[in-house]
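There are two complexes below, and they share chain A, which is joined by chain B in the first and by chain C in the second.
Showing the complex of A and B:
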C-alpha cells in the first residue's frame, strides 16, 4: 500500500513535506531510541540546520557535539549534585536523585531560550538579511524532568514549542521512555505528551513485528525480556501518529534502518505479506503479494495443521526459500512477476470473495442488455 | 428544584432569567448548551445549578467545538461567561461560532419583530388533513427551524431565544464579545497565581476561589437581592480539567474541587460544563482508572465523545487497516456519543426519556453518533449504511483498489451508471 517513498515518517524526518514543530520519540528498555534521535539530528545537520542540544541525560555523539552548528545546553547531573542530595527530605526520596525543582525548571527554560537566541543571532550575522535555515532543538531525555514534575515538564515543552514556532522551518524533538512508570503515571505522561506533540514516534524492537501481524497470538510462553535482537543500534520499528495542522490524524508503522556509511535513516514499509496461512486452501489474492513459488505451496501442504503457527516473519520465509536454492533450475519469482501474478484476475473470484448478499452477474456472450424501451418493437 | 426560583412576592411573580426554559416535568430551570441536539439529549437543556461533564475525545477537537457553542450561546443570551483553560491561551474572537442569520443579535429589539413574524408563518402552515399532528414536535425541531421556534416562546415580548442558531463558518464579531465581558482565566496565569504561598501550587484551590468570588457577586441564591431584580445566569466553562497542565496538592485534589464546585453551584444561578481528558486516565490496555468513576459520580450529567479518527491505534490495528483498507461505514459520522449519566437534580430519576426526540433516556438502545459538518455540529442516531455500501453506488473513491474493473456491456440496471458495475445489478 505505502511504498517507501510515500511513507509519512520518511517525509517528516527528511523535512520534505510536513511542518511538525514538536516530535516526541518514545523508547523502551527493549529498544532504545537514541540512535534514531541522533540520526534525525544528523539528517538536520545535513540540511544545514542549526542544532540546540539540550543535554539532560548525556551528551550527543562527538560528531554532533563538535559540529560548528551545534549549541549545547548542558544540564546533566554532576557528581557533586548527586552526592549533595543526602538529606532525607521528602522531595529527594519521592522524586529520586537528580530531581529538579521549580527553580531548576525556570533555569532550564531560560537556558534553552538563551541557546535559541544565540543560534538566531549567529544565523543573522552569517546570512545577513534573515536566515533560511531552521533550528532543531533536541531535548535528550525528558525522563528526569517527568520524574520531578509532570506539569512543569509539559509547560516547559509547550513553551519551547511556542518559541520554536516563531522561527521558520524549525522543530523540537524530545525523547522519553514509555516503560519507566507504573501503569497509571505512564499513560498519563505519555498521553499528555502525545496530546501536545504534532507527531509521536514509538520505537519498537524488530521482534515486535511478529506480534503486529494479523492472526498472531501468543503461545503462552512468556516473551523474553531481553533477546538478541533487542536494542539493535541500527534497526527497529517505528509507529508514527501524526496530527496535521488541518486536524487530520494519520497512523503508520514502518521499519527503519540507519545506514552504516551515511548514518542517515532509511525507512521501509512493514512487510504485510508475511501473514499466517489459513488451514484451508482458500487465500485472497488481493491481500497477498508473495505467494508465488510452488515450493512454498509444497511446504504448506507438508504441514497440514496450521492453527497454532504464528505468523511467518522474514527469517522464516528465507528458511522456506532455501530448499529452492539447491535446485538446478530457478523457481523464484522476481518482484515484478509476483506483482503480475497478483494482478491476474481470476474468473469468478469476485463473486467468491466479496461479501455475502451481493449478486455479481458476469455477462455471457449471449446476453445483450438493451437499455431502450422494451415496448419499442410493439406494433400497435 | 429550589423554591427560591419561584418565590411569590407581593409585587408579582418574578420573571425567570433570560433565555431559560422550565422543564415541565420537574419544574427545573434549563439553559441551552448551544447545540439543539445536545439539548435534546439532555432532556431540554442543561439544568441551572448542574454540572455537565464531557469526556473528551483524544487528539481531535470535537469537545472544544461543543464548548465553543456553549460560550457563543452565553454571549447570544446575554449570560455571564467565565472560561477556565489551563492548556492554551484563549482568543475568543477566533473560536466562537457566529450567528447563522446576520440580522440576529443578542437580546435585541428586533427579536420581538422576529417573533411576530414567526407566529404568522406558522399559522399559514397549519395542516389540513393531519391536523392531529400539528402540535407534536417535528424532527426538524432538533435543527432549530425558524417555524417551530414559535412553540418555544414563553413570553412574546422581549424574549431572548432559548437556543440561538450558530454557524461554524462564521465568528462572533469582536464588539459583542467585548460587550459581554467574559471572564477568562487561562494559560500560565493559573499556574503562576497558584504557586504563591497561599495556595502552595494547588491550581484547583485557586480556581475554586476565583469561581466562588464570581458566583457570590450576584449569582448566588443564598444572598438576598432587592425584589424584582432580574436574575442573570452565569455560565462556567472548564476546559480540559485534569489534563497534564493541572496540578493539585494530591492526586485526589480534583475530587475535592468537583465536590466543592457542586456545593457552590447548587445554590446559585450558574451552570457549568467541564471537559475532561479521559484518555489520560486509561492504562495501556484501555481500562479506566477508578478515579474516573468517582469524577463521574461527582457530576450531574456525563457524556462521552469517542471520535473514530483519534482513538489510539496499536501497531496491530494499523497493520490490519493497511490490509483491509479504510472503513466505509464511518465516513458520515465522526464519532460516537455515549451517555453515561443524565441530569437529575433533586429528583429520583432523570425525566429525559419522554421529552427526547432522540430517545436517549430510559434504557433505550438508540446509538448516538455525532457529526461535524462545515456549519454545524449535530448529534444523530447512528445508522448503518445501506446494504452494498453507499459509495459503491456512487462514483467509487479509489479505483486502484479494484484492478479487475470491467466495463458493463450496455449498462443495464436502473440505477447504474454506464461503464460502471452496479453491485445491485442482477
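Showing the complex of A and C:
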C-alpha cells in the first residue's frame, strides 16, 4: 500500500508533477467538490501562483476572491439578464434564463484570454524575463456551459488548455457534475470531457469506501438521497485517473482532509483491495509446513471475497486426517474391540489367497464350447 | 425569537436560521409536505426585528392553508410583516373574488417572471420561502427552467442580504431538480419517514447536512453541525429531539 507522500494526487496538487495541464474535478449531489477545488486554489496561492477564476455558477470564497493574485472573470447569471428575461413557456425551445449562446461563448473565451494576457504581462514586468510562478485557471463550473452547448464547451476547454500549455508551470482546473442528467448526450459530453483531461479527480463521500471493499454487498434497501455523512466540507474520497504523456493511465484512490487552519489538502492512502482480517487457523502438523502454508496463502488470495471459506479450509485439512474427530458420536474402537475384529475369520479368504486367480467354469448342457481360435481366419 | 428552540440549538443556529445571504433547501418524501411546519419557525425568526419582511411564495396552496397552520401554532399573522405571493391560481379576477383576509399580495404568472423579480428586488433583507416549486415540473416546465428561476430568486435575495428557503417534494421525478438546487444551497434539511418503521410516538426523522455552498460560509463561532433528529407533530406544535431522547419514548 502506497504511503501518503508517494500518492500521485498529492504530487499533482502540490505541483511536484506538472504533467497534467487540464484537471477535471467531478462531483455529485451527495459530495461537493467545491472545498477540494478551493483547497487546490489555496495551494496554488501559497506557491505564489497567479489565479484566473472563471466564475460561471458562483464566486469563490472571500479569501480567494480578495487575494491580489486572483483575477476574477465574472460570467455568472447577471441581475440584468434575470430582470430582463421574458421568454415564453416552451419546454422544447426554452433553454432557461441561464443559457449561453455562441456570442456568450466567444465573449467568455475572450475574457479568459485577456485574463491570461494581463497576468503574463504583470509577471514579465515583475521579473523582466518572465516569472516561474505559473498560472492556475479555475473554471467553476462547467455545468451551465454544458447545458447551453456541449460542443462549444468542449472547444472552449480545449482552447483554454492550449493557451495554458504555452505558460510554464500552469494548469487548468474545472469543476463538473457527473450526476446531473441521465441522458445519453450528457454522458457523451462527460466522456468527451474526461478524454480531454489529463487527470480526472472524482470526489466521493467517505461512506462510499465500504461499498468498494471486497465482500460488501447491498442489503437491498434504497439508499437515501442524502445521509448524515454526505457533503462533508472537510473530508472525502478522491479517485484519480491520471493519463501520462507516455500513454500509461494510472488509477488511485485516496482520502483527503482539508485542514481547518491552513485550509490546505492532506491525503491518506486507501487500499480498496484490502482483504478483511481473518482468524488465525490451526494447521495439521502431519502435513508439510511449506506446502500447507503456501496452499493457505493461495486459498486466501484466490478467495478474497469469501472470508468464511478461507477460514474453513484450515479446519478442513484437519478433518482429512481424522474424519471422526469432531463427530457427536463415538466411532473409535477400544483395544478389545480392535482385537476381536482382527480375530474374525473372513469367509472365502483362504480360497482367495490360495488360488492363483484361475477361473473354473463348469459347462452346462446347452453350452457349445468351441476350442478353436476365433481369429484363425485373419490373415494379419 | 425562533419557534422551535430545540431545532435551533441542535443546529447551532443562535438566531433561529442560517447566516444572512444563504439558501436553505427543504425536502419531504412523504405525501404530506412536512417541511411546511417550518414556515412558522422561519416566519417568527425573520420578523423578530420587525423590519425584515417574510415573503411566502406558494405553488401548491392558498393563503388560507398557511393561515390555518399559523393559527394552529398560535401565531397571529397580522403581527408579522408577511407577504403572500400566489402562484397556484393565476386567474386575473382572483383578487376581487376573495375576501381581504385571504387575498394574496401578489400573483405570479409564468409569463411575468421579470416583473416578479423586480417586485422581489424591492425588498431588502427579506426572507423568501418558496413552497412547492416542483409543481412547475408537473406543469411541463423543464428542470433547467425551474432551476434558473430559483437561481434568479437566490441572486436577488442574497444580493439584498436576505435568506432564501426552498421547500419541495422529493421523489424520482423531482430528483434532478433537487440535485440541481442542492448545489446552490448552503443548508439541506431532508424530512423522511422513520427509518425503522412507522411509530405513533415519532412522526419522522430529519437529516440536516451542509449544502454545496456551505464551505464558503466562514464563521467558526457558529459552525453548523450535521445532525439526525426525530420529530413528533402534535396538534399545536412540533417537537424535535435526538433519536431515542423523546419523553414519550423514554
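A few comments on the model shown:
To be clear about the criterion, the second predicted complex is superposed on the first by the 260 of 380 C-alpha atoms of A that agree within 3 Å, B and C clash if a C-alpha of one lies under 4 Å from a C-alpha of the other, contacts with A are read in each partner's own complex, and residues count from 1 in each chain.
Assume a contact is a pair of C-beta atoms (placed from the backbone, for glycine too) under 8 Å apart; a residue touches a chain by one contact, two chains touch by 3 or more.
Everything quoted here is computed from the prediction, not taken from an experiment.
After overlaying the two complexes on the shared chain, residue contacts for A:151 are found with chain B alone; chain C is out of touch. By the touch criterion defined above, A:195 reaches chain B but does not reach chain C.
Applying the stated contact rule after C-alpha superposition, one finds that A:227 touches chain C and leaves chain B untouched. Once the two complexes are laid over each other on the shared chain, residue contacts for A:125 go to neither chain B nor chain C. Applying the stated contact rule after C-alpha superposition, one finds that A:380 touches neither chain B nor chain C. Chain A uses no single residue to touch chain B in one structure and chain C in the other. By the touch criterion given at the top, residues 1-2, 102, 149-151, 154-155, 158, 183-184, 186-189, 191-196, 204, 208, 211-214, 216, 237, 239, 241, 243, 247-249, 251-253, 270, 272, 275, 287, 343, 345, 349-350, 357-361, 363, 367-371 of chain A touch chain B in their complex.
Against chain A, the residues of chain B that register as touching in their complex are 58-61, 188, 191, 195, 243-247, 277, 279-284, 289, 309-310, 313, 315-323, 387-388, 403-404, 408-412, 421, 423-426.
The touching residues of chain C, counted against chain A in their complex, run 27, 110-111, 113-114, 117-118, 121, 140-142, 144-145, 147-149, 151-152, 155-156, 159, 170, 175-176, 178-180, 182-184, 188, 190, 192, 207, 209-216, 218, 226-228.
The touching residues of chain A, counted against chain C in their complex, run 27-29, 32, 34-35, 38, 57-58, 60-63, 76-77, 79, 82-86, 88-89, 91, 94-99, 143, 147, 177, 179-182, 224-233.
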